[in-house]
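Each chain gets a letter, A, B, C, D, E and F, in the order it is written, and its residues are counted from 1.
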Amino acid sequence: MTGRRMLVVGAHSADFVWRAAGAVATHTAAGGEALVLALSYGERGESGELWKDPDQTIENVKRIRHEEARRAAAAVGASFEAFDLGDYPLRIRDEDVDRLAGLMREYAPHVVLTHPDRDPFNPDHPVAHAAVATARQLTAGAGVASGFKTAPPSEFLVFEPHQPELCGFTPTVFVDITEVMPAKQEAMAAMGAQGYLRDYYTQRAEQRGNHARRVSGNAAIREAEAFQRLIPNVVGRL
Amino acid sequence: MTGRRMLVVGAHSADFVWRAAGAVATHTAAGGEALVLALSYGERGESGELWKDPDQTIENVKRIRHEEARRAAAAVGASFEAFDLGDYPLRIRDEDVDRLAGLMREYAPHVVLTHPDRDPFNPDHPVAHAAVATARQLTAGAGVASGFKTAPPSEFLVFEPHQPELCGFTPTVFVDITEVMPAKQEAMAAMGAQGYLRDYYTQRAEQRGNHARRVSGNAAIREAEAFQRLIPNVVGRL
Amino acid sequence: MTGRRMLVVGAHSADFVWRAAGAVATHTAAGGEALVLALSYGERGESGELWKDPDQTIENVKRIRHEEARRAAAAVGASFEAFDLGDYPLRIRDEDVDRLAGLMREYAPHVVLTHPDRDPFNPDHPVAHAAVATARQLTAGAGVASGFKTAPPSEFLVFEPHQPELCGFTPTVFVDITEVMPAKQEAMAAMGAQGYLRDYYTQRAEQRGNHARRVSGNAAIREAEAFQRLIPNVVGRL
Amino acid sequence: MTGRRMLVVGAHSADFVWRAAGAVATHTAAGGEALVLALSYGERGESGELWKDPDQTIENVKRIRHEEARRAAAAVGASFEAFDLGDYPLRIRDEDVDRLAGLMREYAPHVVLTHPDRDPFNPDHPVAHAAVATARQLTAGAGVASGFKTAPPSEFLVFEPHQPELCGFTPTVFVDITEVMPAKQEAMAAMGAQGYLRDYYTQRAEQRGNHARRVSGNAAIREAEAFQRLIPNVVGRL
Amino acid sequence: MTGRRMLVVGAHSADFVWRAAGAVATHTAAGGEALVLALSYGERGESGELWKDPDQTIENVKRIRHEEARRAAAAVGASFEAFDLGDYPLRIRDEDVDRLAGLMREYAPHVVLTHPDRDPFNPDHPVAHAAVATARQLTAGAGVASGFKTAPPSEFLVFEPHQPELCGFTPTVFVDITEVMPAKQEAMAAMGAQGYLRDYYTQRAEQRGNHARRVSGNAAIREAEAFQRLIPNVVGRL
Amino acid sequence: MTGRRMLVVGAHSADFVWRAAGAVATHTAAGGEALVLALSYGERGESGELWKDPDQTIENVKRIRHEEARRAAAAVGASFEAFDLGDYPLRIRDEDVDRLAGLMREYAPHVVLTHPDRDPFNPDHPVAHAAVATARQLTAGAGVASGFKTAPPSEFLVFEPHQPELCGFTPTVFVDITEVMPAKQEAMAAMGAQGYLRDYYTQRAEQRGNHARRVSGNAAIREAEAFQRLIPNVVGRL
């Protein structure tokens, strides 16, 4: 596990916390390395609390959101980076895709996590998915010798959206996060701006824990996170 | 891996060889235990070669098919059992499902493999799937305390059908069978009655090897088998 | 086309008229042979008009329905046969499937048409589909030498249900029935008991004609019927 | 609403409580009538707690389960009936479908609720679905004059299964149950044998409440239940 | 119903008439308000009749199409607005999406209707869908406090395309338009340029009326329109 | 068949060879005309072998790739054209779509072949699909009189991707290429840069031949290619 790199890309700086902080924590606890990348700060769509201050400025909102996300990432052992592309709407130009592909070529992640490709409740999440999927393909090359630098193909999974069924999300992997739940709680606590989501995603982790117990028969699981793997995995045996 | 039990259920005695013998071999090579169960001998639908002998009898066909399957299973380290329920059509009564559930309760497999639930080219494969799926559920119980003996829930996957897309089969796991390919070849060789399928499934293993290389970037993979997992798997980390 | 045999199987004696009579007529007009098989007479579910006669008997209803269907089939050049298995519900036993497979083995159709496998508005249509699909597979064998008599694999299509989208029906073939529309009208006219459906299916033929014109650019098409092919077709060139 | 009848059919006597008790309560609170029908008592699969008593008998388990379900139904204003067909496995014969159709013809429900048609975690739920769907169709007739007594077509919805995405469940209706949540809590409390599910489904109701708030913008919703409508509804305006 | 606002967005100025004029009319007849927005005039792709005049100009075609659409909208009680973005192809820039979102924020519709997201027969319809879906999300915000003005989330449905099954369209709501059919006829009559579509969509309304009768058992329905709801609706009871 | 025109559009200059060269050859052998259009040369993603030469230049790679593709096309009787839009990533501007539509309007193909709309292993294939689908619609017009020049609607099929199930590819047509397999071999041989793919696609042709034999019962088929038809075909009879 040591040396295994995980890249988590969210449309907004807080996205990774609710849906994947547990998986990140299990990964780093086992000796892996993790990088959280936020395409935007969610400074317009998800920061209404901050904007209630009449003297608020866009720079200050971004600064606060950056710091929150950095602390949340640190709580689960990850570093944090932001592209600051703007939100609501997040609009991604060709050069942004190239920059993302460049980052992937450099970081060479073993696992990539991002949003599902559909979300009727958020215009930015599918945009982020498309950028990540394309950049990941540009990084991996065509499976034949390329005329440019490539990175080995990574595992590719999407994390759970807010209303899973309406986003076409079907879990194919449950990650047992029982051991690292305190770290996820700490990461969620760092997100001052969206504190009310903590209850929702704590419940969600318990429900996915219930599902994971039922699937595995392992009564020791209390909390879990759900993911959908988009590319088959390759194993040495079942 | 030692002590891990795999159950492979086919509608006909030869089914497991083409689609799953490699996965069985990797499993037993790693110290696991495997049981192949044939619901019928395929004595009518797949034994036309044997019936060319004008003195052929149904008992003799079954005897030959049993022996072939037993040897094929042995080649990949598995034992073999048959329910002899008849083929073309395979018709499964309530008591047959109960018998299968009883076997599952006793054997308590960690992994169950069988046919997909749809196959426009074979009337018996979906019937086998339905019986296995029901028996597996009856074995596992409802996830709450039951009034009967249960076995822990098993992983549940389907193996590759002959024309995958038309059976709604989408691979979610590739098993690298490069190391055990000779054992799979030996198992296929044991199937005198359907020898011409060897080329087809040798090619198939090479193609799935190509796919698995592309997915993983692991250039050492030469042959693979494809499976579709029907129930999420539960892992400690990604 | 001469000598090419088409088998149309309906749950009830009138089903083929509305959805496939045009395709039958184009087939027989081109020199093909066609057999319409009704699994039941629809004597309970679709014959309410006849039951308004207080002295009506079940035998008489069946007799009338048989005669209507025979005349409708004749109008499009087909012969008619009935299994009289009862309707609402149509319940099919193993021996009925075997009988149907026997008929298919004997008749050796080149094309088989029946209902789609789903219909939230009719309990008998999916039952008919399942029986036809299974019998067809039992007839064709496993694609390897069998221990029993087989017929060559037939093309397999489903005809249009009453509410297509809710039955999961997606057209893949439009048959131009412009030339034979009078014969279809005559067949529909023979169905005294359900006369009001004539307008519905005349309109439907015009709409499918509109669709077929749009797809092909052939402005000469006025009426068409829609079908969904369940098995790929094999062609010498595109 | 007065005189509007709702029929809820569960495979086991407790099923309706967790997934639909709120919708039943809103229905009866508005003057509607509701009947809960249990195809079995869940006496084997879901009553393990009761079987811990070494002197337990099957009759006693059924008696207790009947009484619990009757009280739970009463808590939400519904009456309760049981067919006692056995569970794990629930096996439904033709005469059971006919009996269910007879009940539907008699009760003439305006709304029917039952399980989805797929559930990889419970062998009895899909069996119940199939029986309800068939009986409902036999009750409604073919949309033309029938030779038997019919009831008007009912609205047909499925309630939420335990692991929604894996059962192919996609919500199309959220019912706001905020006002009747105490009644649902009382109904859940009546289910002594499966008390631990109360937390799970209380959380679930809160999450669906969150979803319903997001969909509607109605901040007053606290709890909701999710349903999937299988047949379009017909409205006078949007 | 009074004060309830409906927004109908079409790629071309005539689109709303054929597929949704009835639903608009029932809405306004009940006291609601409706706005029809055309992203283009369909001046190239759907106005070939007008172009047969050798002296025709693009400005004149647009002027005629505007006037026709305005009269058609008026016939069903709606106002009409056009963005004039060009057709065949309709190409939508970021600022057009922003303009649409601005309009939605201002108008704050309770119901939004547009094209499905797929149409193999029209390049502009899916483009219109994407713009509407994105603008609607930008308008509604993320369900948490936003840093910009939002409107409450609207109901979101798509109207029936020309070849429904090939556009992945499955009806989930039938609107009974029997009472307002004369108004829809008047709206269709206002569309001089595409007069031949009147028969097609009159037939279609009758067929959907047939479907709605079958679904509801309400024999008084003669004509209906079909819609697919993309977001669950939230109700007080079933 | 004489005069029938086929247009094959690939993202990269070599794409058509592996998946459709056989279908092209059967088409031209029967007197049809065929044009292969490459949107890019695949000069970056698929030409790594050429780049091993330290003195290699982009112009030289393109020149070699052009010549290879031209010879491959000639081997199956087709002419070759290239748009040279760049690969990895292939990015298509509005004017490129217009140019493609112009070519289609001019060439007026009866059949169009291209990539499927989804491919998790290649970022350029779906981009090519989208451009072709849009251009084809712009060419065909809306099925009503247009204000611009149109070509008759063409048949539209996608050819087989490298990992079919993961691209959502389901075959609906098998083309028997047994007779022209030598020509396809010659075309593949012309592709020096990707020689190792010859084995893969030779095997694939044999497997699809196996499938086509099974579907049709025609034992003379040795090799086939698989296609998925996206638009129904219109026939005079089944």
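Here is the rule we go by: a contact is a pair of C-beta atoms (placed from the backbone, for glycine too) under 8 Å apart; a residue touches a chain by one contact, two chains touch by 3 or more.
Computed from a predicted structure; not experimentally measured.
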If you walk from chain to touching chain, how few steps can bring you from subunit B to subunit E?
-> 2
Same or different: do the copies subunit B and subunit C touch each other through matching residue numbers, with over half of them shared?
-> different
Repeat of interface C-D, chosen from C-F, A-B or A-E - more than half of residue-number contact pairs shared | A-E
Using each chain's Cα centroid, which is most distant from the centroid of subunit F?
-> D
If you tally the C-beta contacts for A-B and for A-D, which one comes out higher?
-> A-B
Distance-wise, how many Å sit between the C-alpha centres of subunit B and subunit D, to the nearest whole number?
-> 37
Report, in whole Å, the distance between the mean C-alpha point of subunit A and the mean C-alpha point of subunit C.
-> 52
Counting only residues that touch at least 2 other chains, which ones in subunit C make the list?
-> 121, 140, 143, 162, 166, 171, 211, 214, 231-232
Chain pairs satisfying touch are A-B, A-D, A-E, A-F, B-C, B-D, B-F, C-D, C-E, C-F, D-E, E-F
In the complex of these two chains, what residues of subunit E are touching subunit A?
-> 94, 97, 133-134, 137-138, 140-148, 156, 230-232
What part of subunit E is in contact with subunit D in the complex they form?
-> 1, 6, 23, 26-27, 29-30, 32, 111, 113, 140, 143, 152-153, 155, 157, 171-176, 211-218, 221, 224, 226-227, 229, 231-238
Would you mind writing out the residues of subunit A in touch with subunit E in their complex?
-> 43-52, 61, 88-89, 91, 120-123, 162, 166, 194, 196-197
Across the complex, what residues on subunit F touch subunit B?
-> 121, 162-166, 169-171, 200, 203-204, 206-207, 210-211, 214
